[in-house]
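Each in structure tokens, the structures are laid out below.
Shared between the two complexes below is chain A, which pairs with chain B and chain C, respectively.
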Partner chain A sequence: MSPIPLRRARKSRVVARAAAAMAVAIGLAACSSAAPATQERTGIILGRAMDVTTLDISRSLCDTCQIYNAAVYESLLHATPEGELEPLLAEKWEANADNTQFTFTLRADAVFSDGSPVEAKDVVWSWERLKNLAGSPSYFMAGITKVEAPDARTVVATSELPNSAFFNIVSAGYTGIINSDVAAENGATADANAASSDQAEQWFLSNSAGSGQYVLDSYAEGSQLVLKANDKYWGEKPNFTDVTIKEVTDSSAQLQQLQQGDIDVAMQLSFDALGQIENAPNLTTEVVPSPNFVYIALSPGKAGGEALQDPRVREAVRKAIDYTSVIDATVAGNGEKQATGVPNGFEGTEGLPLPEYDPEGAKALLAEAGHGGGLTLQAVFPTFTIYGVNFATMMQSIQQSLGGVGIQLDLQPLEYQAWADRLGEGIPVTAVYFAPDHPDSIQYFQYFGLIEGSVWAERAGVPVNPQQQQLAVAALSQTGAERTASYTELAKLMYNDAIILPVVNPQYLLASSADVTGNNLDITRNLDLTRIKFNAG
Partner chain B sequence: MTLAAAPTGTPAVGPDGPGGTPPGASVPVRLRLRRFRTPSIVLGAAVVALWVLVIAFAGVIAPYDPYAVAGPRLSPPSGEFLLGTDTLGRDVLSRVLHGARLSLPIALATISIAALVGCVIGAVAGFYGGIVDSVLMRLADITMAFPSILLAMAVAAALGPGLTNSFLAIVVVWWPIYARLIRGQILSIKEREYVMSARAIGMSRLTTLRKHVLPHAMTPVLVSATMDLGMIIILVASLSFLGLGALPPSPEWGAMITEGSANFYQWWIAAGPGLAMVTIVLAVNFLGDSLRDVLNVRTRVR
Partner chain C sequence: MIRFVAKRLALMPLLLWGIVTIAFLLSHAVADNPLASIVGERNLGNPDIVRAATERWGLDKSLPEQYFLYIANLLQGDMGTSFRTKAPVGSDLADRLPATLELAAMALVFAIVIGTLLGVLAARMRGRIVDSVVRVLALLGSSLPVFWVGLIFLFIFYASLGVAAGPGRLSARVIPPPDATGFYTVDALLAGDWPLFVDAFGHLLMPALIMSLALLGTVIRIVRSQMLEEQGSDYARTARAKGMTRGQVLNRHVLRNAITPVITIVGVSVGLLIMGAVLIETIFSWNGIGTYAVESSRALDFPAITGVCLVGGCIFLVANLVTDIAYAVVDPRVRLS
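Coming up: the complex of A and B.
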């Protein structure tokens, strides 16, 4: 979620928001229960607030990117909703005994959208580029020293250290395979210095080069992302001729548009909307558990975060949050507490302590740390609603409970893009969200833990913890109960660090027109477009 | 200042020809005030006075703390919460009342500073003329070439969100209006006989400007400022609505309307601040309009 900033006029987003607000007003005025035309619909329209900052698969890291990347590109393996791996571009995969060498055999019939075959060299190129761009998703390739193509259908990846999670990792959409010839012609490179020499980010905003069911038709920032079916697709025919992801920023606008049939799926409805649509005959709703979470991140090592260098202060912040109130205010109670940056139910979370609201304990800790007289922290967060959680509401609720123990939180909401830019500089207190990219818990330690290459160790300005580093390395060489124990230990250390403070693990509200079946929340694809379709007839 | 005093001796009741009654005319105060007693001025002044009272006593009349959770979230209006509660369970009425303490003073401060800056620049440009005039007025033209809300948004976005910054943004957008207005006034006044006489007896340019020109040019500015006040209130709220103004959790009206727009079916969250804005803006516009008629100031062309 540290998108590479495309410094565009922020104004346009604001204007778009104003326009969206106006559209809502006009929508309300013209509020008639116009049912969507059901005959022969072949294109689906999804409404969501997009967090896209780039469409370059190897630079992207965002929830909307998960949908896009999985639709347009394909990874070697695919994770089923149960978390099992199944073949996608690879038909066979095996690891050596100590999990340091991974051999994939590619399908013979897979082709890119230009008709050329998907070959081992494309896999090598794509993974090397992913690693060498050193962007937000590069951590998926952490520790991979070599990727080779002994022949056109065989890929061998070598890891410096055992990596029992590698097969899970390559089910993440971000490891999808790019048509290397086409991309290279347009300025992309996988060289070691790709981070500075790759010129293709702009090209990827209007072109795609994958083997997936869809190809990019057009993208207009702040407006819509349009995919059309890849007519050369090698596998099962896509369910839609085109897929439009329409930028509908707030929950109420999504609700309006869903009710009017302007969108088929509303992806970020607030739970407060549930009462309005639960019994509507033309809509389908379902509340499902999710592996997503929203968290507060503390950055002790960045300017403005000095007071947070004392772990007692961070612990006090955790104790000062009135979780029940926040979960009530944000998702009307449809959410759970979560211990640390690993979602409930993932390997290593069993038996972790859940955060408890304890204002007296928080005050005592603050007094002990020399902040008995109070403390002011700056909180910069995106004006965003995700998983039904409106960040402005959440932060005001947290501000209130922190105020109760003498921590004054100065709130500064920013447009998503502006916030993403700021995140690189470091923000003392911010609010972010996370959805899994693959089924293995290691992603959370690699992203949130104090280990080498971790995104949040860097953002928080906190040094690597050798104990965590060792445990992460050890876990990847282990299997079964042993590995679970290492993960649990790591999770406990992360809990004690109190850098990442999950606020809510929300349930997810699937809401769509009743003409649609198979609406889903997918672990790697966010919304799996192969499972959702229009009702026949 | 006697040379141009009262061209006629008639007490000024109602419009009395271009120029109006010059300041300093010796008409009894009661008579001079009588012409202000029109229904729309009285109504406007009454509503404004009401809001001033609200500002003064918001802490006393607001039933709850505007920042604290007062009850269950999203409660519709009821006897307990006259305007309902918002997403966090704060009382909307209390927030609206406290919001007046932000919206009105900020609008007043903005208009005063913009008028002050505009008047100084316009007066200098008009009185000195020549290259000074050209440079200052082209600057004003460039600023006015942009739609005010867009320019204000751009400036506020560049400065970062916050009420102080939106105040600055609006001043940047609004000063040229007054600069143009006062420059036009001064261009016509500076050719008057009494100004020339003052110069002829050796009064310096600056003193002439200050003592004999500016006082005669101020009436249109005051009227214009009154009329603009409503627009500024809306502009401040618009910037907050767009997330460029007030920071949460301040109960600024525009920001509250944003919160309301995120909860469409809980109409009361946006209705409270919306109604508050309607009343104050209407009242101020009534005042401005009637003042213009009574003082017979030419409507400026924008």
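Coming up: the complex of A and C.
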């Protein structure tokens, strides 16, 4: 035998052994019951499509950010599920007679995660930074001209105009308080030129500086966000040693992982999944109301929307939508109708008429307005699914409804960026969504109403309505029943405008493993981690 | 050989500059504006917020200004900051690339080892039932859509039977190994944590197998046809005439010659596997460069898009170089020049 075949024979044996080793490894991987180092069951895993683009509280604006901000930072006040305010970092708060000056007294025992006390200077710094960064949530400080700290426990904020909603506004997690000394050491600044000079955003991707129940442990974009309990927390002990928000992008994947026990809470299950899990013994489900809603917006003042300048045509559009069919098609019937751009149950919505499907009424209005032969409207909308509502499905359903009365919708689905670009130019009919930041109805009037600075007054190309403007200004100088009356009047006027037509107020499916209690949907925190816990915990 | 490699390496910067320039221009040629993803739809009507974002991300600068600034920074190793993740693009890519490379490497191993074994088996059993089964498998592997197979496999083996690991690189509540290479299997072994290795390897199996299917089918077909062709050649007949068994001829002579085209196919496929990993990564929640590329494109995240193109270009160039070298190693008749 020559040495070459011998060498090859050896090579063959090596290859065979390697193949055998690989097969064994594969078998082991598939069958092994060996348990790797795991986090204890004292930690909870939340599965959701994370929409995080920053962990800098003063630049963040997203649903997942609400959870993170509330867990790691704390605002001065907290809004209860009933919409009432309760103390958090502030133990007392009061406004002057004309609601232009707001005084907060901080609690003495609150400390940041490094053990240093939460002081008035931190509040001043945090709110000034929030405003001066001109980041996405800077509008929370709109109109605030001055924030002062007369002493270590007193904060005084001054508003240019009366703003009785300010206490509600500062219950939003985005107004949470940062440890100013720590953040400043790491490139953050609250100076007037913070928008260009602040260098801390990357630091916040791997560090936190708050006084909340948790601190940031790690963040891997597109994978998971891990929080761990703040061992210096000044208040009630957190319910979990750690909280993992795991990126699980779609409903079916969340369902599978919940069923297999890989996540404890599935946060964005569609209602298709409900039938598969509502009777599962190891899972808990509950359908609850939500303050989120999806609407179509009409732009009578923009090119292509001329026919909508006649209020009768807009009213006809409202009457022509078969809401029940749309709600069935989008969220399997798990949704509510909503009168106008203020969600059901918010201050000012009591007594508002819910929209009714009335094709004959719509036809009559169209005929009166000179469109008895029908009309065509362009509908440009983003192609995404939000709060379980697939916009393409919704718009097709609406197209079918409107077609029944002679209104032809020319549907043009676009990618989000392209659609957002078109918003500036004006779109005759579009579809959008809204989720609240805090419990005060003023956010809706300021965004949807025909008042100065309103986003939708501008987008719809409609002039400011002096009556609405007057009411909005008056409401912010009022409190109690007086303000409720102003809000109610504003909501009625917005209803009559028929610029914003809510289509579905989707309910929310809470789904978790059976040993989880207190799962919730919270207005300011999205998921309030102080209320959810394990049964045994 | 050394001269050849040096020449190819010297050309790389020029090629990469071309790739970066084309990627930069193409991504900016899109008519849409990334501001919506930076400030959010609700803030598009707020001039203060829009102005601050425009200035901060350099979107107020002209295209040539943006380009020269990007190239100047790139020459200093700075690939810019992602609009979307707010982290340096270099750091994002360094975090994501090992996940994709680990997945692609395992898929390559599957495609080469299983594909070659099945190809040889089919050639040796030509015309028999085994040959037919293998050929059907090769056809299915090449033709079934990856996303469909992925979803079906997940549903059957993970969600229904519970015998396979689920999406992600590790099981729930499993703590990742200390970061050394970014390959969880390797890092687990380096840390001496066998159970963690088993967990990471288990999570790698299904996505890698599915990722390999198309290449696996190609390798099977090439190996089989090459084996059959080489079997009828003069040298194979001579070897048989000198007393070698059919198996010895196939394993020692024919296989080596039949494997050469596989190297070409694998070389070309490496880049495609890595840069085309998006479907598998999405289905299996694999936080790699494919999902990063798609998310960045959807957000019109210019620095990230250009960064991904740069890395992708590097991968293709290196893969082609390695293929040429491997070709020369396997076939001594090939001279590199």
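Going forward, the second predicted complex is superposed on the first by the 331 of 537 C-alpha atoms of A that agree within 3 Å, B and C clash if a C-alpha of one lies under 4 Å from a C-alpha of the other, contacts with A are read in each partner's own complex, and residues count from 1 in each chain.
The rule is simple: contacts are C-beta pairs under 8 Å (C-beta built on N, C-alpha and C of every residue); 3 or more make two chains touch, one makes a residue touch a chain.
These figures come from a predicted structure and were not determined experimentally.
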Which superposed partner A:Thr385 touches (first chain B, second chain C, both, neither): first
Which of chain B and chain C A:Ala134 touches, first, second, both or neither: second
Touching partner for A:Glu415 - first (chain B), second (chain C), both, neither: both
Which superposed partner A:Ala220 touches (first chain B, second chain C, both, neither): second
Partner chain in contact with A:Val288 - chain B first, chain C second, else both or neither: neither
Dominant toucher of chain A (residue count), chain B or chain C: C
Which of chain B and chain C A:Thr54 touches, first, second, both or neither: second
Which of chain B and chain C A:Gln256 touches, first, second, both or neither: both
Chain B/chain C common contact set on chain A: 28, 256, 415
Touch list for chain C against partner chain A, complex: 31-46, 48-49, 51-53, 55-56, 81, 84-88, 92, 95-96, 109, 113, 154-155, 158-159, 162-168, 170-175, 193-196, 198-199, 201-202, 204-205, 248, 251-252, 282, 285, 287, 291-292, 295, 298-300
Of all residues in chain A, those that touch chain C in their complex: 5, 8, 12, 19, 22, 25-26, 28-30, 32, 34-41, 43, 45, 53-54, 56, 61-62, 133-136, 138-139, 195-196, 201-202, 205, 220-223, 246-249, 253, 256-257, 259-263, 415-418, 420-421, 423-424, 432, 447, 455, 458-459
Complex contact set, residues of chain B against chain A: 67-69, 73-74, 87-89, 150, 153-154, 157, 160-161, 241-244, 247-249, 259, 261-266
In the complex, chain A residues that touch chain B: 10-11, 14-15, 17-18, 21, 24, 28, 250-252, 255-256, 270, 272-273, 276, 325, 328-329, 383, 385, 390, 392-393, 395-397, 399-400, 410-415
